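By letter and in written order, the chains are A, B and C; residue numbering begins at 1 in each of them.
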Amino acid sequence: MEQSKLTTLGTQDSRLLFERSKRGKEAAMLPERAFPKEDLAANIPAKLLRKSEVDFPELSEPELVRYFVNLSKKNFSVDTHFYPLGSCTMKYNPKIHEDVAALSGFACVSPLQPEEEVQGVLRIFDDLAEALKQLTGMDAFTLQPAAGAHGELLGMMLARAYHASRGEKRRNVVLVPDSSHGTNPASAAQYGYEVVQVPSDERGRVCLAALEKLVSDRVACLMLTNPNTLGLFETDILKIRDLAHAKGALLYYDGANLNALLGTVRPGDMGFDIVHLNVHKTFTTPHGGGGPGAGPVGVVKALEPFLPKPVVRRNGTRYHLDYDRPNSIGKIRSFFGNTGILIRAYVYIRMLGLEGLRQASHDAVLAANYLRKKLSSAYLNPHNEYCMHEFVLSARDLAAEHHVHAHDIGKRLLDYGFHAPTVHFPLVVKEALMIEPTETESKETLDAFADAMLKILKEIEETPDLVRKAPHTMPIRRPNEVEAARKPILSSRDLKRDQSHNWSAHQP
Amino acid sequence: MSYFPLTKEDQAEMLETIGVEHFGQLLQAIPTEIRNPKIDLPPALSELEAQRWFQSLADLNATSKTHLSFLGAGCYEHFIPSIVRHVTGRGEFYTSYTPYQPEASQGTLQALFEYQGLMCELTGMDVANGSHYDGASALAESVLMGLHHTGRTKAVLCESVHPEFREVVKTYLTGTRFEIETTGFHPDFRTNLEELKKKLTADVACVAIQSPNFFGLVEDLTELETLVHQNGSLLILVSHPLSFGFYKSAMEWGADVACGEAQPLGISPSFGGPWLGYIAVTRALVRRIPGRLAGVTTDESGRRAFCLTLQAREQHIRREKASSNICTNQALCALAAAVYLASIGKKGIRRVAELNLERALYLRKAVGALKRVEAVTTGSVFNEFVVRFEKPVSAVNAALFEKGIIGGLDLVRYYPKLRNQMLVCATETKSKDDLDRFVSALKEVTA
Amino acid sequence: MNFPSDLKYTKSHEWVRKSEGSAVVGITDYAQHEISDVVYIELPKVGQKVEQGKAVSVVESVKAAFDIYAPVSGVIKKINTLLESDPALINKDPYGKGWFFELTPDRPEQFESLLARDQYEHLIKQEAKG
């Protein structure tokens, strides 16, 4: 076989497992049958037995290890690259988190064991919930949601249960700003709410005049991210709170951007009634290529009775699980949530303490403002004021003049060794480039990133095709996403059946 | 703090570049009356102190390493090859972001594509998604998919579906325009088809059944499948994924949706998560399936390239019209499952299913032969079955625990009528000696 | 861009070809251009009742989804099933093979609210400026 071509990110060898499979190979060394004389199939009615063969690939362990390790090298990751990815808080994931979560005292415990056998993990749940209450100013927490959007869905359920308990069944509208994350309207709609958008004003904040008109006794809640997705603190947050509460609407806090505020200001003190956190952002549990995360939800006292069951209770030094929650909305996930992720978050809180967490937020805000300052004279910044942990540039003029779009700039950054910023979001800024550096990047890295952004600007003027056709150094060029969506090939089986490509020609 | 690279000098220089005298100026948008709240957190720990502290908390838990465990009931102790943790422990995988930039994420995308393909192969279904939170929420989303696809308003759940799953589905649907109906089982845990027939009205969008069911019984779904489809409803089948190594696949039964908990595929119990919800569907439902999908296409130079596809179903594009609100999923757990299944391989998948089955059959026979113990799940099983004692399970389990054994699930927890009944699980992790030790311990504590 | 004079148009960029007791509906050249490569279309069901101005169909590109509205009220008579396997027809031939559905109008007076070619062209010039 030919040597596959090396790129700056792994090889171009994209053969799948089935294309590397050879009859008779095995990897996992399973035990022998303990009762080899038992004819199992004879014990079971034939109609229950599988007829088709499970056509799994056959490879040895060294081949599998090399396959997956070489795949890993085709990825950007926080361990290898800087991700200035707005609203995603891609910061360093401390290694001790992984070691603690992997301790057999946590990893090899069943959620069905009686509470007296799991006191250690129950204590972590209780301590973590207490720490989150302190950090957010909320009165009670559930750790059950498996992700931020899952927490939002729970928030919608809590809002409905709360209003229903007060005999208010007409509240079927949820307000979201036009700058909100896509999950906000999706979560509200998934639970059957009518979603109404609140426009932003020219300062990039919620338009108070519009909000005043939209808040009514039909509104169940107003979902806000603060700082918002432009990286701007909602200066009028206390007025917004008063407007919403005066009409009996609840205020929901999307915690995606909490990394800006730890120790500085709390959602509870801003007047929020329901809060979800993204521990894979703020408390730096790893993103895992898309998950798992965890989305604890905190509430004010009035909503506590509706939280999912069970709730951990401390009685002296013993911890108990309280399932006797007559007003609880029930459960939104089996058992207790993503325990292994929650443990990592708690390790982070314990390692940093209040001062460390506050410094994290301060450094994140400092880094964002530093990059904003360095880039906003070269790139258009429609809201150029002191930002919080992120800011948004616009490639609007570049698109008009040079036909180079925000996503092209993002792709070109890959060639410079930086992940793309969040592009074309928030929707309120045309050709948006949303940049969140986080607190775990050195000044040298921030400078190098700024330099790359400025170089790309020059390229756009001099050699725009270089940017339009980027990236040039990744294992692949831009994929044909139109073809992928028109004729979806979603499994190896689909690929084997696909006659429209001569796939073998693409092999090294 | 060691995670923060900015030095004092860096900070000073940066403030100067920004053009402010001190950091506080950057926070001017925050109303002063709510700034700097009083917060009470325990003091910071050094790494060494943290290692010791968390080890001490870990030591407070009984585990399948400190005890011999026969507890299953939705969370399973299975063999995990070392390769799984080494691959998922690669920083390039676990510290990477969602693969929205395909050129810089081919590793994650190709691995997800492998996962989808392996799950299709295992379940027999046409399309598997890139993961869901857990089995319970995967079932809830599957039920929603059935309701939306058919335009009908009612979902029927069999009572032998995992109680935690049913509770989650109920929570997802409470307060919406949809309804749930539950249908019961016979004393031998078979689904009561007569009862189901009565509940199959024209407004039923889908029927969810579990097999092997919560009591370990593998059900014959032939008649049920006909009934459900004659009614124009969808059939959702919840299964332990390894059971497909031996028993009929979801596709062979005629399911429209296969879903459940894929924790058994290389993922540790970890007190309930992170786990892996799987959802696999027929081609007809591909546009309805929630969550991310990796697809394959070509790049501009004609090379094979992987990318997320059919994204217009998802929340970041369709917002309030999305097929689901899911964003963050369980991608790293899907990677673990892909590595696990690839490692187990073609021969291994049948073998591991047989190992579970033979151990369960042996144990059921041995335990059932004890004087004061009776096997209740007498039909075909995979790795679990129910036994009845003459006394409460809590007493039996307490005595077993004294002998270093974590017993099975006390069914009273979920089914108050099923008194003195224990759901016992034996996977390939139990040797013949382990099984014999359990039998003799049980003999002593029930005597 | 091409806007045939024998068609009527809507502000939401659908076109209508009216004939005796029926109306064929699609999206304009301008709309297909704005949407870019169509990857999927969700068509209404035959026999479905539709109401003027209400969403009846969804068109997807790789990075966006667009609602298509009924230009007039009526009952869906026929749908263009070719689009399901070849959605690119919408881009290639928006007024021909790229038609969406045919309906039987039940309120013929609604045709008067539709735009003529000149009015529609004026509208999209305004949009391009805005």
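One rule holds in what follows: contacts are C-beta pairs under 8 Å (C-beta built on N, C-alpha and C of every residue); 3 or more make two chains touch, one makes a residue touch a chain.
Quantities reported herein were computed from a predicted structural model and do not represent experimental measurements.
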Note to self: For the interfaces A-C and A-B, which has the higher count of C-beta pairs in contact?
What the structure shows: A-B
Checklist line | Chain whose mean Cα position lies farthest from chain A | finding: C
Next item on the list: Take the average of all CA coordinates in chain B, do the same for chain C, and state the distance between these two points in whole angstrom.
Entry: 44
Notebook entry, point to check: So how far apart, in whole Å, are chain A and chain C when each is placed at the average of its C-alpha atoms?
Noted result: 37
Item checked: Rounded Å distance between chain A and chain B, as computed from the means of their C-alpha atoms -> 20
Margin query: Please output the residue numbers of chain C that touch at least 2 other chains, ranges allowed.
Written below: 39-40, 60-63
Checklist line | Residues of chain B touching at least two other chains | finding: 310-312, 317-318, 321
Next item on the list: Could you check chain A for residues that touch two or more other chains and list them?
Entry: 481, 485
Check: Within the complex, which stretch of chain C touches chain A?
Finding: 37, 39-40, 60-63, 87-88
Next item on the list: Spell out the residues on chain A that touch chain C in their complex, using ranges where they run on.
Entry: 424, 481-482, 485-486
Note to self: Show me the residue ranges of chain B that touch chain C in the complex, using the header's touch definition.
What the structure shows: 287, 310-312, 317-318, 321
